[in-house]
Each structure stands twice: as C-alpha cells, then as structure tokens.
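Here the chain labels run A, B, C, D, E and F in written order, and each chain numbers its own residues starting at 1.
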Amino acid sequence: MRPNRLKQQWLAGAVTLNGWLHIPSTWSAEIMAHAGWDSVTVDMQHGLHSMETAIQMLQAVSTTATVPLARVNWNEPGAVMRLLDGGAYGIICPMIEDRAACEAFVRACRYPPQGYRSLGPTRARLYAGDDYAEHANDEILTIAMVETPHAIAQVDAIASVPTLDAIFVGSGDLRLFLQSETPDDVEARLDAALDAVLAACQRHNRVAGIFTTQAAQAQRMIARGFRFITISTDSTLLHDAARDVVSALR
Amino acid sequence: MRPNRLKQQWLAGAVTLNGWLHIPSTWSAEIMAHAGWDSVTVDMQHGLHSMETAIQMLQAVSTTATVPLARVNWNEPGAVMRLLDGGAYGIICPMIEDRAACEAFVRACRYPPQGYRSLGPTRARLYAGDDYAEHANDEILTIAMVETPHAIAQVDAIASVPTLDAIFVGSGDLRLFLQSETPDDVEARLDAALDAVLAACQRHNRVAGIFTTQAAQAQRMIARGFRFITISTDSTLLHDAARDVVSALR
Amino acid sequence: MRPNRLKQQWLAGAVTLNGWLHIPSTWSAEIMAHAGWDSVTVDMQHGLHSMETAIQMLQAVSTTATVPLARVNWNEPGAVMRLLDGGAYGIICPMIEDRAACEAFVRACRYPPQGYRSLGPTRARLYAGDDYAEHANDEILTIAMVETPHAIAQVDAIASVPTLDAIFVGSGDLRLFLQSETPDDVEARLDAALDAVLAACQRHNRVAGIFTTQAAQAQRMIARGFRFITISTDSTLLHDAARDVVSALR
Amino acid sequence: MRPNRLKQQWLAGAVTLNGWLHIPSTWSAEIMAHAGWDSVTVDMQHGLHSMETAIQMLQAVSTTATVPLARVNWNEPGAVMRLLDGGAYGIICPMIEDRAACEAFVRACRYPPQGYRSLGPTRARLYAGDDYAEHANDEILTIAMVETPHAIAQVDAIASVPTLDAIFVGSGDLRLFLQSETPDDVEARLDAALDAVLAACQRHNRVAGIFTTQAAQAQRMIARGFRFITISTDSTLLHDAARDVVSALR
Amino acid sequence: MRPNRLKQQWLAGAVTLNGWLHIPSTWSAEIMAHAGWDSVTVDMQHGLHSMETAIQMLQAVSTTATVPLARVNWNEPGAVMRLLDGGAYGIICPMIEDRAACEAFVRACRYPPQGYRSLGPTRARLYAGDDYAEHANDEILTIAMVETPHAIAQVDAIASVPTLDAIFVGSGDLRLFLQSETPDDVEARLDAALDAVLAACQRHNRVAGIFTTQAAQAQRMIARGFRFITISTDSTLLHDAARDVVSALR
Amino acid sequence: MRPNRLKQQWLAGAVTLNGWLHIPSTWSAEIMAHAGWDSVTVDMQHGLHSMETAIQMLQAVSTTATVPLARVNWNEPGAVMRLLDGGAYGIICPMIEDRAACEAFVRACRYPPQGYRSLGPTRARLYAGDDYAEHANDEILTIAMVETPHAIAQVDAIASVPTLDAIFVGSGDLRLFLQSETPDDVEARLDAALDAVLAACQRHNRVAGIFTTQAAQAQRMIARGFRFITISTDSTLLHDAARDVVSALR
C-alpha cells in the first residue's frame, strides 16, 4: 500500500501544513496540490461540492505527492466511508462532542475488527495498491474536531479513543461558542481551551491541529505545539489576492 | 447584511407566493426567479439535484431580488447548514413530528447561543455581506413542515419552538396519511387539520404556509389565512404547458 | 435498425409537432419527451448545453418513443457527427445560405458513398441496433434552415440537394433580416418568402417546417402546408406558465 | 403502473442476474443496461456518483427494459426516498443488523399505511405511469443486506419484516467480519451463514441474493438456491477486460 | 436594456480593470466578481470550461454589478453567438490577423443590418431586459486581440472595422512571436508594437487594452494609455497566494 | 519539462499500446490508465465528453505514468490548442486528406516559429513543469489520421510535413470508404493501403499506427510494422465483458 506521507511526517515529529478546498473544481484542487502543502483537505462541510466532485478532486490531488484528506459534513458513517473509498488518506470529522461520538467516527474509518467500515475501496485500491484493505487501518488518518466548550471539557476522553490520530481545533466555532456563553475574557478562555487540547494530545500521543486564517496566527500556533496547521481556504486566498491586485491599481 | 425581503413581507402581514424548483438546472432556476414569485425554493427532497447543483441554483436565483429558500431532504443538521452556507435565506424542513424534532431543526439554523450552527458561511457571506454571521440569526427563516396526523396533533408544541418563523403544510402527504387511516371524511378531517395549523400559528405568531397544486386552491388557502403559498412545481408547470400546446394542435 | 417514426409520419403525409429544448437538463428533456410531441430537438445554437449534456438529453428522450433530434450551433461537420453518434435521429442545421452549404451539411450526415460521415456510432448503435451503420443513411433526417433573404432566393437550389429531407424556416431571424433591409411591408415579404419555401419543398418533395412561438401561429402555418412545426421552447413555456400562475394570484 | 419485471421473475421462481454500477456516467449505465442483465443497480455506497448523477443513470437504464435498482449508502430514509422518486424500482440497503433497522428501511420505501414514504414521485410517475402512487407499495422491491455475524444471527427476524422482498448477502464484508473474529474455518462459517440466510428466506418466502465476483462463484450460489445474483461491477469488468487485452499483446 | 457599465466607463475615459477566469467553477467566478474588478472575462481559449459551465459562470457574475465578458476560443461565429446569448456583455476574440477576420468577428456579434448574429438571446433577454434585441448592437462590446507581428502590421486596418470597440494586446503571444523572428531587441520591438496599437486606437477612437501579469506592469501600461487592463488570472492568483503562505511558514 | 515517455518508446523502436476513452468519466479514465497501456487517448470525435470533462480525464490519467493523448473532433486549431493546454501530450487529428490539412494541424500544435499555437498552457505547465513552453515543441506528439482512399493517395505528402510524429490509420472508416467505391477486393485494397502507409512512414521516419478492434488483429498489425496500436474502446470492452458474464450464466 502506498504509505501515508502525512502519517510518516507526524511520526517523525514534523509540523505539517494543510490546504483547504472549498471551490468545487478539480482544477483549483490540482493548483492547490501543487502549492507546497503537505496535505490538502476537500471540505464537505463548508465547501460547495457534491460527493462526486469531492472524489474527482481527490483524483486531481493524486496527480501529486500531496496527501489527500477530506472533511465530512457531519459524523455520518456513510459519508466517511464514501470519501475513504474515493481515496482520501484521512478524514476530519467536525463537532465531536464526546468519547462516544469520537468512537463512532473512528470505527467508521476502520475495517473490522477495529471498526465497521464496509469493504469496497473502489478507487482507494487503485490509488493505494492492491493490498489496500490489509493495511488501510494502519495508514488512514482519523482526525476529530473539537469546537465547543463541551468538547473541550471532554477532550481527554475524546483523545483516548483507540487509533485516533489527531485532534483538530475548529477555532472559529470555538471562539463563537465561547463568546455566546459570555463576552468576557474570550481570548483567555480560548487560550485555556487550546492548552487543554495540547495537554490531552500529549497525554494520548495524538497530533494537535488547528484551523488558522493567516500565516502569523499559524506561526503562533506552531510555537505552542500544534503540528497539523490549516491556513485559510482556497476561496479566501483567491478573493484576497484578487482584491489586493485591484486595490493596488485604484 | 442584506435584509430578508420575505421576512419583511411577513412582518408587514403580506401574502407571499413561492415557486418550487425540481429541475436540476441553474437556467430553469433563473427563469423561475424572473417569473414574479416572492421567493423560490430549491427542493432537495423531491427534486433531482445534488447539493452542488442546489447551491449553483441559489446563485442563479441571486441574480434577482427573489428570495432564495431551500428544502432539505430530511431533518439532518449537515444538510441544513450546507444550504445556509450556500446562501439560502430560509430552510424548509419536511416531516417535523414533534417539538423535539422542530427544536433540533431550528437550532441547526441558528448560531450559538440560539443553536449549534457551525461557523463558515462560505457563499452566504458574499451574497449577504461581511456582517452575515452577526445578523443571520435574525434574518434566516426557519419553516417546519407538518404533514401527518401525528404532527397535526403536536402542532401547537411545534409552533412554540423559539425563533421558528413558519409552519408549512405538506398537503399531499397529509391527505395521504389521513386517507390511510380511513377513507371516510378525508376532506373534512383535512379541513380540521388546516384549522389546527392556523390556530397554532396565530397563537404563537408564526406564518402559516401550504403547498398547493393550482391557483384556485391557492386562492382558497389565502382566504383561509395562509400567507406562504407554494403553487405547483417547475416540472409540473413545464409538463402541463407543453401538453396543453400539443393538445391544442391535435 | 429502429425505424425513424418521424420519417414514417412524414412519408405518410402527417403534420408533426416538435418540442424545443433549451434547458440543459436531462430531467426537463424527459418531461418534454412525455408531453406528446412527435419529436423534440436539443438546440445547441440558442440552448445552454455542452455537447456532453446534449447527448445525455438524447438519452433521456430515448426513454420514450418521441424521436430525438438536435440542432447544431453552426454548419460544422464535427458537431453534426457527434450528435448523430450520440443518437440523434435527425439534424437541423442553421443558416444554410446556398446549395454548397446545404451539400456540406447533408454529406456530413451521410456515410460514404453519399457523404463523408466518420464511422463510430458509439451510442447510436446501442439506441438503434447493431445494423445502424447499414441503414443510417436511409433513416437519419437532414433538415436545413433558411433564415435570410439570401437563403430564400436560393431555396430551390438548397431544396434540390440529394437526400435532404426538409427545409425549416427560422421565422424569427428571417423577419429580423427582412426588417433590416427595409421596415416596409415586412409581413407581406415574409409571406412571400414562406410561399417560396413551400413551393421549393413541393417541387423537390421535401417537408416544409417552421418555428412558431404560439399555437395560433402554428395553426396558420399548418393550414399553409408546413408539416414540421416547432412551437415555443421549454424555457418560454416554463417562464410563461409560472408568470401566469403568479399573475392570477396577485 | 409499469409492472416490475424483476418482481414478476421472482414470483415465477426465476434466477435473475444483476449488474452493478460504480462508474458515475449515464453512458456506462446505458451500456450495462444493454448487456443482458435482468436488473442493474446504481450503487451509492461504494460507487462514485452524487444523487443527481445516480438519478440520471436511472434515466439511462430506463431506455431499456432492464429493471433499475439502487443501493443506498446507509439506512437513511431521505436517500431511500430520493432514489425511489428518481425512478428506482427497488432499493438495496446495506448493513441491516436487526429487525428494527430492517423495518425502518422497508417502511421508508412504503407509502402509508405500510410506511412513511413521503409523497412526491417526481420522476417515478413519468417512468411508471400516473397511477404510480396507488401501486408503488406493490411493485417496489425492498432488499435488505446482511453482512456481519450479528446480522446472520438475526437473519430470521430480519426476514420476517412485512413486505420485505429479499435478503442480499454482502459476501465481501461478511467474510471480512468472520475473519476478524478468528482466522479459523472462515469458509465453513461463511457456508453456515449462507445456509442460515437461505433457510430464513425460505421460511419467510423471501428471495435470497448474493454479491459474487466471478461467474464460477455465481454458478455455485445459484446451485445453492440464491436467485438474485450480482456478478462483479462495471469498474472491475472494465479494468480486467483492458488488462487482459494488454497482457495478450505484451 | 440594462446598460453596459463598462462601455459607459470607456465613454467617460476611465481606465478599467478586468479579471480573468480560467477555473471552471461558478463559485470562483462569483468570488472574482466580488473582488472589485470592473469586468471579468470567462476565457474559453486557455480556460478549462465547456460552453455550459461558461454560461453558468456568466450567471454567477450576474449576481453582482461587475460586467460579464467572454473570450472565445477561436474566431468562430457559433461560439461568439452562444456566449452572447448566454449573457456576455462583450466578446474578446483571439488571433485577429487582418481586417477581414475582424469584420467576420464583429459582424457575428451584431444583429442585422450591422451583422449576421442569429436571433435567440435565450438568457441575455432575462439578464438584460425584454428590449435586448433592439439595443444589443449598441451595448455589446467587441474586442479584437492582436498578438502577432502580422496583426501589428495590420492594426490600423483592424481598428477601422465599423462598430469595433477595442483592441486588446495578447502580450504573451506577441512577445513569443517576436522572439521567434529573432532574439534581438525583443523589448524594443514589443514597445514599438504597443505604440502602433495605441496610435491605431487613437485614430479610430477605439479603447486600447492589454493582458498583464502583475500590478507593476499594469501600472506602466495604464501610464502609456491602455485603458482595458487585465491582470493575471484566477488560477495564477490562487496558486501564488497559496505558495506564498506556505513559503512564509517553512 | 516532464519527458514524453511515449516519444521515448517510439525513438527506442518499441511497439506501444494505446487505450481509447469514450466514456465521459474521470473514474473510467483512471481505471484505463491503470490497465497497462503505454498511452490512453481521450477521444473527442466519437466519445461522449465535453471539453471540460476531457480535461478532467487528462487529470485522472495524470495520476499514473500512462501518457495522456487526445483526439480532436475535427481539424480545428481551437480544439487542438485547448487539449494541449489541458495537458495532452499528443494530439490525434482525424480525416487528414492532404499535406495542407496536415500542416494546418501540426502547426496548431507548435509554438512559433514552427507553428501558431497560442501561449497559455494553463494546466500543461502544472503537469509538465515550468519550462513547458520552451520544450513543448520537442515533446508533444502530432498524429495525423488517414482514413480515405484520397488520403492514402496523398500519404507520402502528408507524412512529409515537418515535425509530424506519426500516421494513424482509421481502419474502420477506410474500409467503409473502400467498400463504398466498389465492393470488390476490399481486403486486398485495404492491405495495399496499409502498405502505402507503412512505406510513407518508413521514408519520412514517422511511426505508423492503427486502430484495431481485437487482440488478434492487433497482433497481425504489429507483425506488419505498425507500432502505435489502439485496441477497442472502453465502451466496447465494458459491454463485451458484461455480455460475456451474463451469457456464461444463462
């Protein structure tokens, strides 16, 4: 089976950079896969693609050595399994609130006996090799998102789920939920939440990841110990780059 | 944030007309958006589009001032949130059977603290404005469908869910369910059900809506107090118009 | 080979009704194919579909006994041949100005020795039968459009091209060209042009056809001797039907 | 309503052959529908299509007399109903583990009073006839997959669900689950499982079906009493045929 | 008819900025249309879209006040007319080599008597208004590209074609052709070519435009008198923005 | 620039096998690219894809080391250039009848000074490397089809066109044209035509290629000296494989 380079980098202790795909196009996906990211993620939650286009984008990413990941829309085993069959080498699942939800997610990514993933790796076998089904449980990455105060309170239990690979902080949602509790000390409480995530990851030997919107924020998060770093999205990169060119000429 | 004209019309006490989109095409969607409806609904339940096409149809509707709505296939938060992120200004949810289901639906449409909608209004922000996330809870319409005897029995509890905007009667399903209980007095029982919906809406200050198949039926429903009126679908309008032309010439 | 019902009807002297497809959707195509037309035409000139969708629409039409036709964008052999390979049972070619153009068009539709159509009826063979290549020259309809004063002046020469089946009047363009010459007596000159077409068709034993926008106009044209009658388009039928429903309720 | 030929064949005691569609293309679907299968199944679980393409493939299959079936991704009523509205004449549901799951599945396929299917057979009515809603409960096939040791233990209860038509063995998953329990005697335990399925089907008068990968295996399963036989997939047939041609020439 | 804002700006003597669309996606098109450009061009020559997607992108641009333009692949009247019918408010035609080619192009964009554009503005009428056909000849922009030494030699004759609106320099191709003649003095000869274009435009009252790859180059061209300025493409903006973020973090 | 493996094999004197893609799907394209062919050709003439899907299929092929080729629909420079910009490493052009046509084709594939290909290798640069434009004239393969008696008579002149790489015999069309002249001695005249092609190729140092329908025919052609061998199509391979499985079980 084609080894998972992202997993290898994580095992080697590296910080990895992840691109984020919202534009439903195989061409923008291929462009992003050529931009130097270690991995790129087809985002089915806030992106605009159907499952069919998402899989075509996984194909486009596979023209390079960049690792193809996908985020599911919701913790649904059907969607998880289709993206894996389509060749995703890791799944990010949003809104994991507790251990049970995390277990349901991770087990959907694993063939028995570790889980209940259904056998039929249509495209994955072509991309990864004929021995895909034998090794997939070892190579496929499972990445649980924590993005609410409740999830932060449960993060140690979440991180303890067997064969989970990483915890990924949905920093936008988390800040919004913290703000909605009370507008006081949002940044401090957010900092504390990130510390809790980092501690749980260290305890259970998981990689800590986070969504950031800019390089400067990404740098601070790397300094704190996050190692799976998403920066912005294709949509925002395109919009801001175009707006900057136009502004420069007005 | 771009104001929701449909909500404004409802607040002003107006009757509004809603077109229904089953054809998976941005072109038929743009045609319908130019036909004079106050709003049009991309129907993911009985329509033939994927999520990707549904969002492209919301784009096509946005070339006009007609308000873009969407019906989800089922009460699933993932689908609700994607359509909202895609720029729908209101969500219709089928088969709401009781208060808990209605709450789960409405809360999926609301950012915290009112709900648990995930932050990431990819296209909605472009369509609505940069302050979308601040005002979306006030502008986005939530419309619960009641279409079974059980739902009618629970309609007052359903209508009481905070921030729900409207109750929409699935008249086809409701008649079918009533008929399946017993073939006696179907029309009378259907009338009683509509009265129950109207009463619940009045008590809780919700707009009452209904699906109708023809203008004459629509007129009767307006006379009874329904204010969110769907008439036929694009598929049926096209089929009947073509058939009538052909018949006229045979 | 599956016989061409439209050709059979023409041979029997019947008037036939033809639907016109602008919406790029297999679903609206299937709806139109169920509305009672003798044939429907996928219009690549003023319609909004790519070649790929056009062929999928030919598939959708093939779920019925309605005869699938296509109009090419321009007199280009490549496009003609692709639509035939995709299963169209007749091709309408716009803007035929003289005999040479008509010959180039008709020969692109015919296998040697009658023409230079390339062999490879990918989908046509499945739709029509394994003996498609042997009989296609007899079954496939070729329909040349005349839509300028120049073409009207040449209509007899155009109609004389061997194996041409029909002349189809682009009445919208023809009126526009006549008007652009001089605004005087447009209707009378249009009438004279239609007479010239009908006469040429009678002389060379071709079917005369015409595009009309409404049933009343269609009826007049049938009375004059046109036998291949298009009325309106799917786009216009949908738009007008929706607008009428909305108007009835305002 | 257009009768369900597959159901008729089953009632007549026939063995039926079913093709399996993974390629998201209306063209490959039409090819498969012309290859002699009694039915073909658009597989939304391990196939690569969106719902929109799946329905277009059902259209393509409807150009022939081959019966169109679909497999849903997961036991979700929303997906079941959309495929039925799109014209599928039977639904295969994966991973049915017990009676309750089977009931939820079958009832999603049935209009009241037998179930809770929502009324709105957009395309099904066109394909099947105007009386679709009256007869659908009699014609539409419901096919539950058993593919785990737990499901085998419950197969009699599963088979007892009213109006279920068939039990379909997911032989790949079942073998994988059996192996994951213990590597001993896998084939013998698989054989015992198949016997249990056949016995339950006989007791409750259901058709027994199975997924096979090759003609020889299919023949053995027919000999054992299975009557709904899937062999390979379009992807695998294409891949192996191409590989064999290439090998023959190296 | 909806006025052409780009034409109004040109008449007022303004410099206008034009975005360039290669990604075949309605979403990236809508993003670009929101970035501040005066117009955006769907490029059918080096872009990756079919005609169908190109028209959908014109729809997406129409959600804003940004003017939708399109570049055809080649000087083919069929493609020119389809993009105009799809709602493009101006057409850019590549590789115009002499007056005859320019005339053929411009006349394909004009209804009679100025040209031979076919009547049937399917989507354009919806976007622009019911009086589209009456005013289109005044509002639609025709933009001829000169990109070879031969074209430069003929630029005065090209610019003299009636109702042509602008000359657009394909600077990449022009440099390549100049280099291929001889590697000497390329920049000086390119400068002379630009002077020739500007002089011809001034003499015939046409707007001079040019493709540039960066803001600095664009600024120099504005200073020289070019007033229709394209800068980079969506593909390149996205690629470079992503690469810069990644580089900043390595 | 990524070297063209097919060209390298030809220079080394190897016989190469080419797969043929008619199914408009990135998934079937990826399957074919994994089946062992040296190259695969996206056929825009008798295949069912739009330009957009064709380019996505070139992406899918690029996930492997198989060389991506494309056949254009007709000898049109616009289509030739788009497929090259989309990453095709060689173009096959149908119906080349004489030297002038061959020259027009080959020059459309070459940047100046060898030809007039427009600069803008959108996807090709990503696939091939940043120095694509410098080396493309050396790496891109140009393959002219001869498929009529007239072309055979001109084959030496056709083969003499500078930088042409190969002559490809359209054996189906050629036989059809020969038959249409006279039914006598078709096989002998076909043999003579093949000899003429082989002789012209040897004289001008071009590779001779041919379309075959089966392995046995391919073997005979290899024995005669053809070195670029296409066998069947994806459509036919799929259809025959499915039909054979079904037949084996009836």
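Here is the rule we go by: contacts are C-beta pairs under 8 Å (C-beta built on N, C-alpha and C of every residue); 3 or more make two chains touch, one makes a residue touch a chain.
These numbers were taken from a predicted model, which means no experiment stands behind them.
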Contacts common to subunit C and subunit F (chain labels)
D, E
Along touching chains only, what is the step distance from subunit B to subunit F?
2
Steps in the shortest chain-to-chain touch route ending at subunit E and beginning at subunit B
1
Repeat of the C-F interface, chosen from B-E, C-E or D-F (over half of contact pairs identical by residue number):
C-E
Quick check on subunit A against subunit B: do more than half of the interface residue numbers occur in both copies, making it same, or fewer, making it different?
different
More Cb-Cb contact pairs, comparing D-F against B-D, go to D-F
Suppose chain centres are the mean of their C-alpha atoms. Which chain sits farthest from subunit D?
E
Whole-Å separation of chain centres (CA-atom averages), subunit A against subunit D
34
Calculate how many whole Å lie between the centre of subunit D and the centre of subunit E, each centre taken as the average of the chain's C-alpha atoms.
53
Determine the centre-to-centre distance between subunit A and subunit E, using the mean Cα coordinates as centres, and give it in whole Å.
40
Subunit E: which residues touch two or more other chains?
22, 24, 27, 31, 34, 48, 50-53, 55, 76, 123, 235
Which label fits the chain touch graph of this model best, line, ring, star, complete or other?
other
Which of the chains are touching one another, listed as pairs?
A-B, A-D, A-E, A-F, B-C, B-D, B-E, C-D, C-E, C-F, D-F, E-F
Subunit F residues within the subunit E interface of the complex:
50-53, 55, 76-79, 81-82, 85-86, 111-113, 116, 118-123, 133
The subunit A residues in contact with subunit B across the complex are 22, 24, 45-53, 73-74, 76, 94-95, 147-148, 170, 172-173, 176-177, 179-181, 233, 235
List of subunit D residues in touch with subunit F within their complex
17, 19, 22-25, 27-28, 31-32, 34-37, 48, 215, 218-219, 222, 229, 231-232, 234-235, 237-243, 245-250
Can you list the residues on subunit D that touch subunit C in the complex?
26-27, 30-31, 34, 55-56, 59-60, 62-63, 123, 126-127
